[in-house]
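Here chain A shows up in two complexes: once beside chain B, once beside chain C.
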Partner chain A sequence: MTAVGLGTPRSDADAKVRGLARYGVDYREAGMLHARLLRSPVAAGRITRLDVTKARSYPGVHAVVTADESPKHRNGLILFDTPFFAADTVLYEGEPIAMVVADTPNQARRAVEAIALEIEDWEPVSDVTEALAPGARLLHPDLDSYEILPGAATWPKHGNCGGVLTSDPGGVDEAFQTADVIVEDTLEVPRQYQAYLEPKSATASYDGWRWTIHVSHQFPFQVRSRVAQAMGVTDSRIRVVGHHMGGGFGARLDLGLEQFAAIGASVTGRTVQLVNDRDEDLISTMSRENATIRVRSGVTTDGRIVAREFECLMDGGAYAGDTVYLTSIPMFMVASVYRVGPTRVTAKSVYTNTAPSGAFRGVSGTYICFALERHTDRLAQAIGMDRREFRMRNLFESGDAMLNGQTLDDAYILREAFERVEEVAPWQGVGKGPLKGVGLAAVIWLTNPLAGSATLSIQQDGSLGVSTAATENGSGAVTMGVRQIAAAQFGLDAEQVFVTAPDTDTQGYDAGSQGSRTTHVVGMAVEAAAEQLKPRIFNIASGLLGALPDDLELSGGSVCVRDDPSRSVPLATVARTAFGLGGPLSATGTYNVPLPKWDPDSAEGLLFPVFPVPTYHVHLAEVEVDPDDGSVRVNRYVVAQEVGRMINPDGVYGQIQGGVAQGMGYALWEGLETRDGLYTRRTLESYGLPLAVDVPDVEIIILEHPCEAGPFGAKGAAEPPIVPVAAVIANAVSDATGANITTLPIDPEEVLEALDERREA
Partner chain B sequence: MQFLAPRTLDEALGMLSGRGGDLRVLAGGTDVMIQRMTGQLPRSESLLYIGGITDLAGVSRSDGTIRIGALTTHRDLCCDPVITTHLPSFAEAAATVGGWQTQAVGTIGGNLCNASPAADLAPPVLAAGAVMVVSGVDGPTRIPAERFFVDRRLTSLPEGQILLGIEVPEPPANTWESYLKVGRRGAMEVAQVGLAARFSVVDNRVETARLAVCSVAPAPLRLHRGEEALAGSTLDSGTVSAAARRATEEISPIDDQRASASYRRMMVGRLIMKAARLARRSLGMG
Partner chain C sequence: MTQELSLEVNGIPARVEVDADEVLLDTLRDRLHLTGTKRGCDEGECGACTVIIGRTPVHSCIFPSLAAAGAQVRTVEGLAGGGGELSDLQRAFVDTAAVQCGFCTPGFLMTLTALLESEASPSDHEVDEAMAGNICRCTGYSAIRAAVRSVVGEGGA
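Now for the complex of A and B:
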């Protein structure tokens, strides 16, 4: 019996359902103070007056902190472009200008309202086109002098571009000349808000030398280094303790409010808690970037794509954040899945006077896939070929390489995924009917690498403790995946394994829950630790049982003689015996994903160079449009996803269902659009998250091709289900109506106009 | 601020008398509390909580009139047999207000007095030719629904008075009515457009047509020109298209975060055509 492959309940389910789980916002300390930020009410301008005298005199106020009381240097993820508080200029609505620390949240709110703030408004640089136009105001006139992360490779940046990636291997123009038809598309997508249930928060205390920060964060070690960097101190002066997390989806990977809580604590000498209210969370969070994509391809009449050109402008907002890295993502998508001939890529991270954008599940991939797969449909239509047939003709095969030069040895899985979808939803049999349509899209996605570690301790009662800084972001990667992998290593049930909450003081480094890495990477670290522990367990048990260590195995909470299970000793006895024989049974394992080979000359500005441990995905949707109001109903949604090996089917299925729901939101309802630099939808009421009534039960096909270097063969599974959804739905709506969908969310008005045109034709 | 919680109507009217301006009537709180939180209403304003005046809740039917108390919740409207039998458009509208939590505490009186341009109950009330029964210390008076909605979040309810409920004449036999709402998602939406349509038919011809809409003008309104165009017709497609065009002239929609003005304009016409289609089928008009 092994704990792997079972739908074991997650260890946090009961506490979460009963309301017993304590999240970051629930954390309390005696005598704790409450902080609130004064945020910029305008998108751009110069601060002409900031007078906090009156606020300082307000009842209950302990401190008002501004740029004057804060470190003067800029900080950032890779490019140090972000001030602690806005000092002279404000560059986006919601930018922190000052912070009040008071006895109660209400006192802090009142005192914030008492701060005298005057800003000379500037016309905001409100979109990427404006930002790149000649003569545009520069958001960062001193860009060239900004420091970058020590050890990072340099990359091109200039003007309002925080980062530029270019890849032009040559031969593209010549290849276009061999095309029979050339198709060009321009597509545009808005931002998407992560809309986690728990708003951002941080609680910090200071002991005169070190800060302790309580968070619900996907990446506690990132908080540690980023707070240290922002405060200008060394990492080890910061301790970060993690709590239950009410969702993250990428929004809790970089700094949120932690540096503000920290400075509040050191200024007042008290514990300080800072919590976003929902409206400020929505306007200030690093949402998925909006983008404009242009893609042009040449195709022959016999159905071959022969050349491609791709350009993507990513709106990084006022500070670049991780969009500098994200400009690399097109390198893994633009000429993958399908063979497309010589390809030229340009991607830019652009500064605008909007909130900084950042990571969201399926970073950039959601809209790159939308652009590419819409374009694929259009190419097929341009030569009058069936859309599926066209895809199959150009499909990647094993041994084909992505634009970064990385070879995919198992790309045959793509064809298998298409075939498995065909069995469930035959292409010729779905989407038929006057108002129905069918869409298809495929994607290759990575398992995020980055180092991780875990310490295993066999407890005196025979159970197993796993101590790791890996975080449970809600996906089940820790509470199901890591737990089950650890249990299976020792022949235990998952119920006999507990995992501690993250604490950067006591645990080894872990790169956080991002890019589906936790089950894979931390699972491998658990295996590495188990490999150290098991020989010690068998040695001790060998003495207790009078058997050779090689003849022993772990099963049912005991060590048994393999050929004579009646001879066994409980793991608890082994653990207690170990105290006198070399000490407690504890070991730490670490893991880092070996990076595949790539070609460093494949692009300039390639800061994110590879897609390790790739997985393969094909999605299909059948939609039906309402002829009265133009709304879109998704009748069927089919996913074929390759996962290596399923550790917990409930976890994998849940992630797929959830990823599709989130992708449907992106395709059909959500979106943060800006007008003059300000978001137009400013509350969850108007934002348009998907609802249960609108999301179908996803039909899920799991492909298992165990990965040699993966815990029990597991690869990453949680992130990618969101990636192809908008592409698939847009293709299906186009099929149903004839509308050439190039923007998200899909506009019912455009659907109705297309239906009218079709009726008239 | 004060929080007053009278147990009787007289007590409430006494408290309200003479200080209408700074005392806001609170029922389910699904609008008022949010507007206070977001600063649309001053937090200093005192509240008169009428939820304890139980006589103001409930539905009754007598002498050809259906009476709906102001404190009747959306959930009650969805389930009440008098409403679902005689005024189904009220039940349909109430079922689309917010989520279940909102429907359980939100009231018809609150929805109407808040007078949002998107108030879901307003179109059915207008189309039904309802009368608003309001009262101050001097006793009740009646205001036709059409004169009640003045502008965005403005009604003709006099200061110092409370809406007690509405009176709706029982619809004639052979009447079809419905509330058709367009929102972006399948539930929990503020209307992009809402249409209440009611057709009373004699000998396969429309004797009276009533059309009322929300979310397409500062206040919910009746579409008289559209109604006139349909009167006497068999709801044939030519007449309905013409009526839809005429009705569209009567609205003044805006672009906002929920929909564009052009989509709203498009929807009013299409919803009228959909209503006519459903009515023809339901009334067996061929």
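Now for the complex of A and C:
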């Protein structure tokens, strides 16, 4: 019996249901101080007065830190555009200006209120249109002089554009001339807040040379290098220790509060904890960027897409963060899934006076898919062809290439996914009825590469310890996936394997929980470590059993003779014997995903060049609209997802159900709209997260095509289920009502107007 | 100015000094060191801080500590039996994979424990309605519904 493929409960579930799992916000040290940030109350302006004298004299206050007491250089993920504290200007509401460190949170709060702050308000550059208009105020007049990440390729940037991607392979205009019909759509989406339940926090201490920072973070090694960068010190002076994490969804990949806790600790010499209130978390977190998308395609009357043009303006907010990378994402989506002929792409990351935006599960893909699949429906309708039939006619085949030149050798899986969906929800049989509609969408998504490592130690009791800086963000990738892969390598049950929390001092590098990479990459690192350990185990057992190493196997916590299971020795005995035969049974494995070939000339500004280990996805939804209030009910939701090999069905199903719920929120209720640079929905309640009553049980079809370079064949599974959801639901609502849905969240007023029009017609 | 508060938490009498404007969540977490009850929003919106007072689930982040004087308060730490064995509902959360990040889990457990104490066989819809004050961002709620179903199927919470 192998541990792979079983619905084994996650190893942290017991502690979590008992309330005994310690999260970042639960971490405590004796004598710990509490910090609070003074954040900008306005979207843009010049600081004309910042006087902290009174605050410093307040009871319990140990320090007030401002730009004057902080490193003067700018920092950033790839583009170093971000100051430690705002010094002269503020560029978004919520930007940190100062920090109070005090004995209690309430003392810190009162002292923050005592800081004298005066700002000369500026008219904010509140959206991408304003930002790109001639004569717009530049958020970063010194953009050209900013440093970039050492070793990074340069990319085009200018004015209020932090990054521009352009791909124009030629022949696009000529191809448009062969079209019978040309359709153009412009779509617009707001920001989406990750709304993890545990607000951001950081707790730091300082010993005169090194900082130790306790976090709940998806990427401890990123915290290490980014705090080091912000403080102007070398990486190894920072130690990051991870704790249980109350959700992340991409929001815990870059710095949050860690650099502020760190400077608080070195200024006071005490342990300092900083925790966001929910309201400051909501206004300051790097949410999924809002965007405006224009897509134009030519189609022939016999149902072929022959040419395409795609333009995307991404609102990166006041500092670029990772949106500079995200401008590459259209390259993997705009001319994939369907063959669309010669294609031109422009994507811009634009500065505005809003909070920096950034990674959220399915980065940029959610709205690119929304735009493309709405457009696909419109193309089909323009030539009077069935929407599914149109998709099947243009569907990618194995050997087709994405715009970056990367060939997809297993694209046939797309057709299989469409067919499997058809089996459970026949296209002609769903969404029938006056207020019902059906929608369909497909996507190809990546398994994020980037390096990882794991150390395996066979314990003296025969159990197995896995030590890795990979993080358990809630998905089960570590507590199910990595743990079960490790167990299966040694013939153990998952219950006999424990995994440790991240600690950058003691573990090898890992690139964090992002893009579904953990099970795949760290699983492979586990296999690499196991390959080192197994020969030693068999050699030692060979001596104990008087059998040849090649005749031995691992099973049930023992090493057995393959053809004579009665001859066996417990793994515990082997582990103890090893002490005197070369030392403890411990080994470290590392892995990085080999990158597929791509064409570096396919685009200018292609900072994120490939979609490695692709997976294939088809979603279908049946919706019903309420004729009285225009609300949308999702009656059925079907997902066909290719995962390589499923390590834990409960884990995979949980990611799909949860991803669909987040996508439903994006489609129907959520959205951080801004007015004059300020978010208009500022509490969890007004933000509109999906509740239990809103989300149906998703019908899930798993396709398994084990990949050669994957642990037991596993590819990434957790990120992509969110990607097609808004597209599918919008297509279904359009089908139900006739409304041409081009904005999210879907507006009930628009639904009602469309129903009225249909009634009159 | 602090005041003395006497209450019973998970069957154990407790006497603590609290601020006049303190909320029960802070008393539990910072004075009684019961950090299983979580702070998600401070506004009574997310439900992560749910505890049971008497037989009623309440959002402890907006419940004044002094209003709990003399009350019997139950938190997630009090759900397991005296020997440490999980309650049926806790066991079901583990077995149906109703836990992902787990930050909302204590609140859901308290809300649903109270529901099952007042209604032994709730329908799916009643379960969904009872959970209207609890947000889970990870699971999409399906596995949580399944956990309740499995407990109801066994005939008791």
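One rule holds for everything that comes next: the second predicted complex is superposed on the first by the 761 of 761 C-alpha atoms of A that agree within 3 Å, B and C clash if a C-alpha of one lies under 4 Å from a C-alpha of the other, contacts with A are read in each partner's own complex, and residues count from 1 in each chain.
We take it that contacts are C-beta pairs under 8 Å (C-beta built on N, C-alpha and C of every residue); 3 or more make two chains touch, one makes a residue touch a chain.
This is a predicted model, so every value here is computed, not measured.
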| item | value |
| --- | --- |
| Which superposed partner A:Leu691 touches (first chain B, second chain C, both, neither) | both |
| Which superposed partner A:Val17 touches (first chain B, second chain C, both, neither) | second |
| Contacts of A:Gly246 with chain B and chain C, given as first, second, both or neither | second |
| Which superposed partner A:Asp629 touches (first chain B, second chain C, both, neither) | first |
| Partner chain(s) touched by A:Gly651 [first = chain B, second = chain C, both, neither] | second |
| First, second, both or neither for A:Val660, with chain B first and chain C second | second |
| Chain touching more of chain A, residue-wise (chain B, chain C) | C |
| Footprint overlap on chain A, comparing chain B with chain C | 685, 690-691, 693 |
| Contact footprint of chain B on chain A as seen in their complex | 279, 628-629, 631, 668-669, 680-682, 685-686, 688, 690-691, 693-694, 748-749, 752 |
| Chain C residues touching chain A - in the complex, by the definition given at the top | 34-43, 45-46, 48, 75-77, 79-80, 86, 90, 93-97, 99-106, 109, 125, 127-129, 131-132, 134-145 |
| Of all residues in chain A, those that touch chain C in their complex | 7, 9-10, 12-14, 16-23, 25-26, 194-199, 244-249, 277-278, 473-476, 650-651, 653-654, 657-662, 683-685, 689-693, 695, 697-698 |
| For the chain B and chain A complex, residues of the former touching the latter | 38, 182, 184-188, 190, 257-258, 260, 262-263, 266-267, 270-271, 273-274 |
